[in-house]
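Both complexes shown next keep chain A, but they swap its partner, so chain B is in the first and chain C is in the second.
And then the complex of A and B:
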């Protein structure tokens, strides 16, 4: 029942998004605009600042992720469908996991566009180690989205949710973003030290485990009252 | 709308014969939304929660639907207390909210099939198709809900609430937006649910429609229960008397 409920919520979210393309378009447009602004500001005579690409990629992911989180739950608020999900006899943590996977899918699609763009504008060899890069992006995005999904769901009926979401989200996810930036920057060195990459990856995975566990544990009590 | 109702039973979730609200209060911070409410409803009963705006009707439904916990007091579903809110208990409850709980981007069929599957209905597609036939919307099954009128959406939302054949149906203003024919069909549907053994609790302002439909009426004012009547008659006059009682 748990996995079936996860799949139902994920499939529903993706179907709604494919019909409207609302979140995908705004997220990608915003992320691409941010990267372009950074490129015009920081790239001088074709030379990008050292390690700048990694930071800019993660800033774009974090900002786009916040936008996607807010819009995803705004959609559930408009017809109070989040209440309907919570009223259903499905395990409530499964609702959380379904929403989390939907956001991860959206952000992964945005990252698939951002990585080549940042690589091109900042002459960064992102695709030299594609498997490592994918692993870093997935684990970093999962940690960020795990906390973000919980907070966005909690704040769905709060009037100032658009202000409160980043205020709550960024301080807690800063370690994830820093680990993601350091792991990505290590991967972009001419001579990659994989011990450093592995260290930051391990840290990211540890954050993921902690954040997802805490979110699964607290989702039901936080959403019930 | 057809009036056929499937018989609620143990397969639809937790089985219980009696709903008991015992001295329930609910506060939001310092604001008291409900204060010391007690009533009971047994199988085959339509109970109306009546009162003006802000009386606490929707809060009461949210408590009964397990979306909120009482600040004090107990709600019992048979032998099971509210604190045991579990998927099995939620499977026995169907809720029609004031908001319709439908995804406007999805078709009527997709909405109903999604919620049927989430509620563990064996054949969600078949159940959704049957529900749309009951709602008289079979020919609009593949249209997005955003293209529906308020009344049509209300009919789909009612089917969504009842698609898993709940033992307890909680309906918040179920007559909103319905034309005369749909209203008559809904009244017949509620009666058939009662005859099939369900407990139906509805919050409504529409005393004319509630007249003759309710087996029990609970009158709320400012979060307090001011009267509880079995087999209420002359509902509008009773309502006026009850609501003005104690107000100089």
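And then the complex of A and C:
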């Protein structure tokens, strides 16, 4: 029952998205523009600052993620389907997990475009350890999206939600950004110290576990009124 | 005379007495000299910042569980005090750091964690102010996530060096410095309790007024 509801919500979101491509295209284009701004601001005499690529990648992910989070729930509000979704005889946490997986899929697609772009523009050896990089990106994005999905869902019925989402999201996701940037920067070193990478990975996974659990616990009381 | 007048007058008198009578008579610290006296304001504000944040978090969780508006009002009042005392700690800290460490700011674990906690309290107040109806539950959720976040910020920033002195220096202070410190902590605590009570009372009056208006309409 639970898994089936998750799958139905996820499939609905992905179908809408594949048919319109609205969020995917705008999010990717926005992330690329953000990377461009960093390129103009930071690259001096053809050289990017040391460790800069990791930071730029994560800032682009955070910005694009905020945009995607806002839009997914804005769509539910515009077509007035949020109430229908909440009235459906599905457990509330299943709706949350379905939405979260949809956003994760979307952001993973955006990251698949961003990583080569940043590697190309800032001469960063991102693809030296592809498995580690993928693990860091997935666990970091999961932590970011876990908090973001809950906040975006709750903000749907609130005034000035577009401004409030980043205002609430960034202070809470600081550990994800720190750990993601540090782990990615450690991977970019010529001699990778895997002890450091593992430490940050462990922190990211712990963050994911705690915040997904909290979100599952609070989604029901917070979405009921 | 309003009910809060006497306690407010006492707290004011104590706080005004702190600088000329108590702190001025405390000895100079051997290496930092005069600038160390900021400590008598910095540490009490930082402690009250922490106390207010804890009160806000605990009452938010209780509000989420029980739904009682009393807890919600308490959380709101505590969030405003978190903002106030956090701002005091974050202003007095750099003033002292400039002299003691030579820099205004360090990305040290305590500083970063305090700044992030303060940012969460800013987000909380923005949400309450501009969120409109329904933002009370959301704000409680934010406070809960903010509390859960503290250990993560602490661990992640601890990876960088730490130069902020630990709180373990407090019991080792000589009496001549410890006395003024505890005097200041007590006055700040009284101020905190007074402001919290007044703020909760204000919200209670507002809620009562609203319900009176509603009953008048019926």
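The criterion applied here is as follows: the second predicted complex is superposed on the first by the 225 of 225 C-alpha atoms of A that agree within 3 Å, B and C clash if a C-alpha of one lies under 4 Å from a C-alpha of the other, contacts with A are read in each partner's own complex, and residues count from 1 in each chain.
Note that contacts are C-beta pairs under 8 Å (C-beta built on N, C-alpha and C of every residue); 3 or more make two chains touch, one makes a residue touch a chain.
It should be emphasised that the depicted structure is a prediction, and the values quoted were computed from it without experimental measurement.
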Simultaneous placement of chain C and chain B on chain A, clash or fit: fit
Vertex chain A, arms to chain B and chain C (CA centres, degrees, nearest 10): 90
Chain B versus chain C as contact partner of A:154, first or second or both or neither: second
Chain B versus chain C as contact partner of A:201, first or second or both or neither: neither
Partner chain(s) touched by A:35 [first = chain B, second = chain C, both, neither]: neither
Chain A: partner with more touched residues, chain B or chain C: C
First, second, both or neither for A:5, with chain B first and chain C second: first
Chain B versus chain C as contact partner of A:182, first or second or both or neither: second
Chain B versus chain C as contact partner of A:91, first or second or both or neither: first
Smallest separation of CA atoms, chain C relative to chain B, angstrom: 5
Common interface residues of chain A - those touching chain B in one complex and chain C in the other: 225
Chain B partner contacts - residues on chain A that touch it in the complex: 1, 4-5, 8-9, 12, 15-16, 19-20, 78-81, 83-91, 224-225
Residue ranges of chain C in contact with chain A within the complex: 64, 116, 119-120, 122-123, 126-127, 130-132, 134-135, 137-138, 141-142, 144-146, 148-149, 152-153, 155-157, 159
For the chain B and chain A complex, residues of the former touching the latter: 13, 65-69, 85, 87-91, 93, 95, 97, 99-106, 110, 114-115, 117-120, 144, 160, 164
Touching residues (chain side chain A, partner chain C) in the complex: 147, 150-151, 154-155, 157-160, 163-164, 167-168, 170-172, 174-175, 178-179, 182, 199, 203, 206-207, 210-211, 214, 218, 221-222, 225
